[in-house]
Amino acid sequence: MTLVSILGFVLIAVGLWGMLTRRNLIKIIVGFSIMDTGVHLVIVSLGFIKGRTAPIINKALSAGDAPSRAVDPIPSALVLTAIVIGLAVTALLLSFAVRIYREKRTLNIDDISELKW
Amino acid sequence: MIKRSLIVLLLIVTAYILYPLAILPPQDNLGNAAAAITADGVTDLGAANLVTSVIVSYRGLDTLGEVTVLFLATAGVGFVLFRKRKSDTADTEVPRQASEFLQTGAIFLWPYIVILGIFIIFHGHISPGGGFQGGVILAMAFLLIMLAFPGKALPEGFRHAMESLSGLAYVGIAIAGLAIAGDFLNTRILPTGQTGSLISAGAIPLISVAIGIKVGAEMVTILAHLRKEEA
Amino acid sequence: MYIATKAFYLFVSIIVALVWGLTVNGIVRKIVARVHGRIGPPVWQPFIDIIKSNAKRSMIAHGVMFYFGPVFRFAGGLGTYVFIPAVFGSVVFENLSFSGDLLLVMYFIFFGQLGMALGAGEGGHPASAIAVGRGLAQMTAFELPFALSIISLATQYNTLSITDIVAAQQAGVMSWTVFTNPLATFAALFALLGMNMHSPFDIVIAPQEIPLGPPTEYQGSLLGMLHTNRGIFVSAKLILFMNLYFGGALNLPILMVKTFAIYMLSVVVGVAFPRFRADQSIRFFLGVPTVLGILALLIQ
Amino acid sequence: MVNPLLMLAVALGVGFIFAWLRPYAKTAAWTLLYGALVFGLAVSIQWLTHFVSGGVSTTVLPGGFSPPVGIALGWGMKEAFISSIVFLGGLLGSIALFKTWRDTPSAGPVLFLLTIAGSIGLIMSRDLFNLFVFLEITSMSTAGLLATGRHHEGAVSGFKMMLVTGLASVLFLIGTVYLYRITGTLAIDQILVSPALAGTAGFTASFLIIAAILVELKIWPANGWALDVLTSAHPVIAALISTVHSVAILFVFYKIFPLLPPDSLLIFTSAGLMTFVSAHLAGLRQDNFQRMLAYSSVGMMGLFVTVITWTSSVYGHNIPIRIESIILGGFIITHLLAKGGLFWVVAHFKDSEGNFDITRVGSTTLGGVIITGLILALAGLPPFPSFWAKWTLIREIAASSLPIVFVILLGALFEVINLFRWLGRALEGESHCAVHAPPVLSGIALFSLGGFSIGAIFLGWFPDFNISILIPFSGLIAAGLVAFLPNRIQISISILILGLAGFALVPGASGIGQAYTAIILGSGALMLLTKMEAANKDKWQLPLIVGTVLTVAVLGAVHTALEFWTSWEMMTAVSALLIVRGKNAKKSALMYWTFSMAGAFLLLAGLALAVSATGQTDLSKVFAGAPSLSIILISLGFLFKAGVLGVHIWVPDAYAESEDDSTPYIAALVSKAPIIGLILVFYYAADAFIGPFEWRVLIGWIGVLTAFFGALFASFQEDVKKLLAYSSMGQIGYIIAVIALGSYTGWVAALYLALHHILYKGLLFITIAGVISRTQTSLMYKMGGLIKRMPLSFVAVLMSIIAISGVPPLPGFGGKWMMYSAFIEAGWTLQAGVAFFASGVAFLYLYRLIHTVFLGMPKNEHINVKESSIWRLVPMYIIIAMIMGIATMPKLLLEPIMNLVQTRFPATMHWEAANLISSLGSWNGNAIMMVTMGVFMLPLILLLFRVRGVKRVKPFNIVYAAEKPERPETTHVAHNFFAHYRRAIGVIALPRATAFWRGVAEWTDTLGDWVRQWATGNGQTYAVQVLLFVSVLYFFMRQTAL
Amino acid sequence: MIIFLLIFLGIIMLVAAIFAVMTKELIAAILATGLIGLMASVIFIVLAAPDVAMTEAAIGSGLTMVVFLLALRRIRQLGGSDND
């Protein structure tokens, strides 16, 4: 649905803004997380077809009707994977943040740029 | 300030780039892949939940990869936070007792949560849910315990065994598919059974279980790693 | 038999050149003295110098190379002379010009210079080394217009053989190079000023500050040999110029007249100008004479 | 055959249980870990051999469903090759890391193994979303691995990496789902044929995917994060990231770039080129070796992208497999083995604090050999695979786009300069504490040897390459292997090697080349005799000398353009190594290397252009049909190598700073390489190659001006070796000028002069090396009066300066005579004038050379020096005998030369008995010798009659009154001997070229500095740069695509 | 009807997102993120993707928030503050 995908893109933009402008590592990760959610919204919205139902065969949806009455199951599957991956990335980013704070006592991204040039 | 304006500019440009995508009209028919799956999914695999079919079977390699990513996150988090110091054993110490309310609630709630998780895992092929969702719910249960009783979390060895063996089982089932049906990750090595019943859909439930245990164990381990005390 | 005859002719030719060269030197010294308002040495003073030097009982040697220096020098002078045909068409004065051409003569001039420089070097006297340095530097400079002039000639006559060049100038006075190729001639005459090392280009000898220049350490018959060489070398140079630019000579009297006239040119200039420093003279030669030489090449 | 997915499954399974198993069954766990890698390698190689022997590519379908519903995995020769590379790199890396892993948590090996597994997935998968998953796997695992470093830099760069790759994977994901939305499938092969791809949305989605992959590929300017990652990671991990992981991603790019329309390929090519050049430019300014390697890796990725997109734009989808294998295969293998190997070297030689000092690498012979091999392999020198790749690449590109060739070569030039700079530093550390060589070192040796042998395999693909061209390597290695033997046996063997090489090479050569090869080998062997004098301090020197002689010699025995280029590169490399062995030669060798390489690359561009334009391989045909531009490039390359005016600044330092015993080979032999090159070019080239302007005339002017300025500079030197160096420059200038004449007389003169230059420059350097070894100084004003102590050396120098100056009767005059004749014949009169001036100025330095060293006042400290050793004197006097022989009988030498030249130009000189007649004059060397002897003997005999009266005095006994100077040095006027000359025309001898090139170097440095500051170290900035890159790229893409 | 729900949820999410990015309070930002996830899972139900909704609810809003909070806790133990 266009509305949801636009919402998704707006969330991506907001997340990106956070990622690119915040100085605090945690806030950057928050931005990243928001961006991820936006992407998930976009993906799911692509699989949705107005008036259709979830692709689960049960009393409401017989196997024969599925092609004409079910939404696309693939984006859902993709999003599932993406969500888990998103969590994994977030967790790893956070552990890096903790480690950085432990070593350098700062969460400001400007203070951890000594590896330059 | 220049940087900020540059970023605003870049965001506008990015929006401009993405614009042709955002305005795509909603589709009213399924694409090739989806049409094929919705048409033949049930006869192919016998799973009622087509999303689970896609996750576990049609695109099973994605899921194996996804489990790997989670495993990597666990290993990575542990590795990144690793410190050769005594404080690494901090999670066995009891720095601060949680409130009694939390403790009581936890003891009361966690069997139900565990059962819910197991249910979701086992019914993944017939109703919404599956290994991931169930695994996460299992992890939640143990998180509750962990919060309520610091130091009484799942024993590390058990967690590791679960992580490893469930992963191994997943790979094992995949290889069994190769050995029996000729295709890696082929779930039709077991009879597909009656669609909609618990014992159906070939090896999909087995894989769901492996995924569930794996995801649960990984999540708990991530949380345990993050929960370790800094000294 | 041929070789014996040739050797005899050569001997005669060399003696003539030597005597004439020494005489010219003597005359010039006299003239210069008169211009300066002195009486000056007698005309035969160069002969006296040679005899006197050779009459010395003993001489000092700093080593083999020191000893060889004058030998090289004299060999250079002799060699230069014997590769130049002195009198056009004469069997006696043809010398050994058949074994090489103009380039050979130009490079043989270096032979003596180099040997002398080496001998003087071994003497170990700082004045010698200084003088050699100046001499070499000045030489590189005046050789440039001279070389340009020679190249101009070579293209003009399309040969490098001296005999052929002389032959090409036999059609009359106006066929002399000095008229057919005045630029090249003047470039070369400027160079001759340097070659003769008369004032203003006598910084090499510089009798006042570095007595005598390169031969500072030499005395006795070694110095005598240098004096001898001065005679033969002057002859060789003048004859070469005469051949190249002034139509050569068909007999000895003409040779004497022409060479004397050419020599006087440098003397006149020398008397008129004060001495140049080494760098000044280098710049001088790289200036107008070189431009003349280049023009000579370009205008053909 | 084993299902390739099993490699992945086994790796994943082992990865899952390793950590759990390890505490209980250590051995089993490690066995499984290495077993998984070995298994993968074995499977890949098995498949690779299967495919190479004609097997057909297959598609693997996990789950048994084919696209669009299922995931398709491709498995063909390319996949098998890359996966072999991945497993090989992984296996070797894991062996190197074993010690580190033994006492750290299990996550390290697990992450490592899963990186490999993820890379395999990237290689095989042909499904967009599946690629996304594997991209995440590899980026998560490499990010986790960054913590291995145990320094906070690891965590910081891990964070940056996650941030940027996170952004990239969001782009990738959006693109992927939209492509799915548009085409209804996720399989790349189906998407590619989908008509819906052509629309705006299809383009945008494809663009997002490819942009994300370009970011992962570290394309400039979105690569700052990668540099930080590769700098801060444990070196072996960095090797993994830069080779295994990057190559896998490269293969992803290879699979997906056809998503965009072919018109956009040029943009990828440009982006790749920009990455390549900017990385190496920035690398110039690095003082951290690992970061330099990081830049180098990034540059390599740029080159890969260039190659892939460029070949595709030329050949479409039918890229010849041979071209692809040679170029991509060669570069990838080199990248894996050489770059990986260098990272390993860093890992191995790091001290406990994690600091890396490259001088420690060269402190052992083995270490030195290894790093030399690795760096030469990386620099693309024969016989390593990258060499063949470079040749093929440049040849292919030259056929269609010369500008790209130049850009690539510019980047490559920066790279080789950079690499050699570090090599110089590495080899400097001879005296440091010895590092024992544990197994890892042998592993690295395996790396370089592997590269070597694979390079040899590549040979089979080049029918226009005769294996005998690689004889110098065998010689070099053979001479290196006997380095432990006593000195004299070693030298005898070396001379034997030269002889054997002569037997192998000379019969196969023809014409001028044959004579050249024989002469070079002969004079090399003769000069080797001097080494008998004393035991070698430097084990490297003799093998390198043998190598230098052989590589120079082999130039005469080549038949094809490729052979020529190969031997040229070998010669450049070996001679640079020889120079760098000097005590303070690091800078000079770098300069030599820089200019030689610049020349070599010009040569390469020219040759490639000529080869592709003519479609021929034979040198004769290539040159005969070569376009003017290629002839100009080729001869420019030779002029660089010859050190002509303007690019001469390497000459003095390279000669002066190389070891005294090595200099003769460089000055006398290596300097002949450009000469034979020029001769070959002009020998075969059509007379009409001249092109838009008189190129030959220009070369001629360059030649005579080089001669003049060489002489002038030489006159102002205080260091005897620099003096000789400038002298060589001048002599080479004459030779180049007469070659440029392109006339019979000129060429006879050229060959004659070149041969003489070998003789007397060899003689001079041998003699002077003897003097320097006795006096322990090379500054002329510190010497003096040595004629008394070293009379035989004096005679040798005397002979050679007479020969150089061209004073009759020695053979130098013959050369001068022919030279002026040739100039005047051709109407090059002004040039002749300049040449004459030059030879006049030459007297200045020649006199200075002999005077300040041998004549004048001796120095107190040299009162007791001895004559050079007999081992120097023997070759010296052999050469003198040869010079005298030629002087007396010039015909013996000239007749063969004239016969050779007659095959190219109609004869304009002839003999009448002993008289050589040219169109202008004549020269009778024999008679001149006789006359000179005569006029010399006459006064000598006269003088000898008076020898009784001679009174010998001591050297200090000077000035009329026989007084002794108290301080002899005050009478020594050698310092700044030609001060007046400098005052007169010194202004034209100002080091303008030096200033110019220094300016160029500084500007390049500044530019490099500016480029590298782009990598600010701030992860957020990197993310912004990624976005910027994507935006800019989009607008370029749009131009072409829509 | 559904469209209004979506708009409502969307506005909440946007506000939460902007708040999360702008606020100085880290805890508040994290909670806002969790809220976004929760709202997203509702949207997923609306979009007929119950599996995704469950996952998003459990992971996107639940576990992610926990992970954030645990990390923040560790940072606090090291002496860090909740504000940026």
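Which chain is which? They are A, B, C, D and E, in the order written, and residues in each are numbered from 1.
By definition in this document, a residue touches a chain if its C-beta (ideal position, glycine included) is under 8 Å from a C-beta of that chain, and two chains touch if they have at least 3 such contacts.
Computed from a prediction, not measured in an experiment: that's the story for all the values here.
Trainee: Which chains contact both subunit A and subunit D?
Mentor: In this structure, the chains that contact subunit D and also subunit A are B.
Trainee: What chain groups remain joined by touching if subunit C is not counted?
Mentor: one piece
Trainee: Stepping chain to touching chain, what's the minimum from subunit B to subunit C?
Mentor: 2
Trainee: If I average the Cα coordinates per chain and compare with the overall Cα mean, which chain comes out closest?
Mentor: That would be D.
Trainee: Going by average Cα coordinates, which chain is farthest removed from subunit D?
Mentor: E
Trainee: Farthest chain from subunit B, comparing Cα centres?
Mentor: C
Trainee: Could you state the distance in Å from the CA-based centre of subunit D to that of subunit E?
Mentor: Taking the average C-alpha coordinate of subunit D and of subunit E, the gap between them is 58 Å.
Trainee: Between subunit B and subunit D, tell me the centre distance in angstrom, where each centre is the average of that chain's C-alpha atoms.
Mentor: Measuring from centre to centre gives 54 Å for this pair.
Trainee: Averaging over Cα atoms per chain, report the distance between subunit B and subunit E in Å.
Mentor: 19
Trainee: Send over the residues of subunit D in touch with two or more other chains.
Mentor: 129, 133, 136, 140, 143-144, 147, 155, 158, 174, 178, 180-181, 186, 1024, 1027
Trainee: Where in subunit C do residues touch at least two different other chains?
Mentor: Residues of subunit C touching two or more partner chains: there are none.
Trainee: Among the residues of subunit E, pick out those that touch two or more other chains and give their numbers.
Mentor: 49-51, 55, 59, 63, 67, 71, 74-75, 78
Trainee: On the basis of the stated criterion, which chains touch which? Give every pair.
Mentor: A-B, A-D, A-E, B-D, B-E, C-D
Trainee: Please name which positions on subunit A make contact with subunit D in the complex.
Mentor: So the residues of subunit A in touch with subunit D come to 12, 16, 19-21, 23, 25, 28, 32, 35-36, 39, 42-43, 46, 74-75, 78, 81-82, 85, 88-89, 92-93, 96-97, 99-100, 103-104, 109-110, 112-117.
Trainee: Which residues of subunit B touch subunit D once you look at their complex with the stated criterion?
Mentor: Touch list, subunit B to subunit D: 3, 6-7, 10-11, 13-14, 17-18, 20-21, 24, 27, 30-37, 40, 44, 57-62, 64-66, 68-69, 71-73, 75-76, 78-80, 82, 160-161, 163-165, 167-168, 170-172, 174-175, 177-178, 181-188.
Trainee: Over in the complex, which subunit D residues touch subunit A? Could you list them?
Mentor: Residues in contact with subunit A: 129, 133, 136, 140, 143-144, 147, 152-153, 155-159, 162-163, 166-167, 170, 173-174, 177-178, 180-181, 186, 228, 231-232, 285, 1012-1013, 1015-1021, 1023-1024, 1027.
Trainee: Quick check on the complex: what are the subunit A residues that touch subunit B?
Mentor: 1-2, 5-6, 9, 13, 16-17, 20-21, 46-50, 54-58, 63, 66-67, 70, 72-74, 76-78, 80-81, 84-85, 87-89, 91-92, 94-96, 98-99, 102
Trainee: Once bound in the complex, which stretches of subunit D touch subunit B?
Mentor: Contact set of subunit D toward subunit B: 3, 5-6, 9, 12-13, 15-21, 60-65, 67-71, 73, 104-108, 110-111, 114, 117-118, 121, 125, 129-130, 133-134, 136-137, 140-141, 143-145, 147-148, 155, 158, 174, 178, 180-186, 190, 200-201, 203-205, 207-208, 1024, 1027-1028, 1030-1031, 1034.
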